[in-house]
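I have a structure I would like to understand better, so I am pasting it below and will then ask my questions one at a time.
The chains carry the letters A, B, C and D, assigned in the order they are written, with residues numbered from 1 in each.
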């Protein structure tokens, strides 16, 4: 497996910033490696501060669960199978904006985006992933 | 941007205490700066102790999200977009009583009030903001 | 036992602010009740932000140990009896600036001061206690 | 006061990366705003993972104490005045590598560098500050 490099992370962040600028929503964008550890991060001017943690946590959740965070939304509702999941593993985020990235079929990292609506976060995260 | 001073904070707290006295509900009132750091705090005689943390956290949440905490109540319900948000960023409060204050269009601080009903908390927080 | 009131706390804080102004060192000043719970707090303009926590923790330590924090400095040195104490009870502060206040022989609260040298912190805390 | 922008942070990080490359020591480099909140971060390929937290915490400590972290090393030794300080305020770092940056005489942010020797960390942090 070839690891996600800082160059990879910066290319993803640049693509994310470009898309965030296009939709006119300043964002926090975090990229983590396959261990969920931060590689690169930017907070665009005007993006809310709570999303420093949320974006990083979305990226980390994507690694720990090995799936996009959007896939956790239904499963963690009251009465659903993973009700309460968000309190485990140091705190997971269960709404969209975190997406793993793969290389040769293996998860090598993840991006997390936060500060807009969930739909906007997913849009920007997807643009970052596409650049990988 | 001019910073929120202790004089600003004390004027807000005095106005909050006056309104809390008028509605006969002792309150915890916290004022934080634009980084969410505490500037001044009072617990009126008879106000519950849990609200020391809740009032401070409401003020901090208002800064981190850059919005009144009342605006988070609907969005964090089961099935809603930000379900689980309250567990991020060190713990956010998602019911009313925290309100940011602005100067020249920029958020420079926030007030958080807790110990009464949410409606009472919002009433007292609004009185504090009006004095700013 | 008559409890420490907000009026008591504010009188202590006013005296502390006056002394801090006299020695020209902006301070964080916290007053807690006999349970170690915050009653009132001010951060003077220009006082460092780390001392928000340190002043509050000094006051709380004074209650939990029922002694001035300055009395813990020797006992917690490497090789001394209470080596490692500061890691217990949610985190204690073992240098000067926290002092309990008593009424009719009973501890009813404590003040914690932080942002200057330890000597300055103790000077301001003592002025606050004297006003009680 | 004019805020530290993402452009400011990226210029500092670029200068830090350049210096880290020159001394051949991959680093973690974090830039925070005047509230201690992260603005930008990079982990260079090969830099140790513990330093993600250490670099960020150095930058945050510089804000909370309003001084370089190197200035805390002596004062927090056994027997010295601030023995035990590192356990307060959510955890402070008391060795070199964190430096505040000022504009018009006011602290507007800080940089934190970690992964090399403390001397190397300070060298790279200084290069980042010089670019501000």
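Please note the rule applied: contacts are C-beta pairs under 8 Å (C-beta built on N, C-alpha and C of every residue); 3 or more make two chains touch, one makes a residue touch a chain.
Since the structure is predicted, the reported quantities are computational estimates derived from the model, not experimental observations.
> List the centre-to-centre spacing of subunit A and subunit D in whole Å, with centres computed as mean CA coordinates.
Computed from C-alpha means, the inter-chain centre distance equals 25 Å.
> Could you put a whole-Å number on the gap between the CA centroids of subunit A and subunit B?
Distance between chain centres: 29 Å.
> State, to the nearest whole Å, the distance from the C-alpha centre of subunit A to the C-alpha centre of subunit C.
Computed from C-alpha means, the inter-chain centre distance equals 42 Å.
> Would you mind listing the residues of subunit D that make contact with two or more other chains?
As it turns out, subunit D has residues touching two or more other chains at 3, 35-37.
> What pattern do the touching chains form: line, ring, star, complete or other?
Drawn as a graph, the chains match no named shape, so other.
> Go ahead and list every pair of chains that touch.
A-B, A-D, B-C, B-D, C-D
> Please name which positions on subunit B make contact with subunit C in the complex.
Touching subunit C from subunit B are residues 3, 5-6, 9-10, 35, 37-45, 49, 52.
> Touching subunit A in the complex: which residues of subunit B?
36, 61, 63-66, 78-79, 81-85, 87-90, 92
> Considering the complex alone, what residue numbers of subunit D touch subunit B?
Those in contact with subunit B are residues 1-3, 33-37.
> Contact residues on subunit A for subunit B in the complex?
Listed in rising order, the residues are 48-50, 52-54, 57, 73, 76-78, 86-87, 91, 93-95, 117-118.
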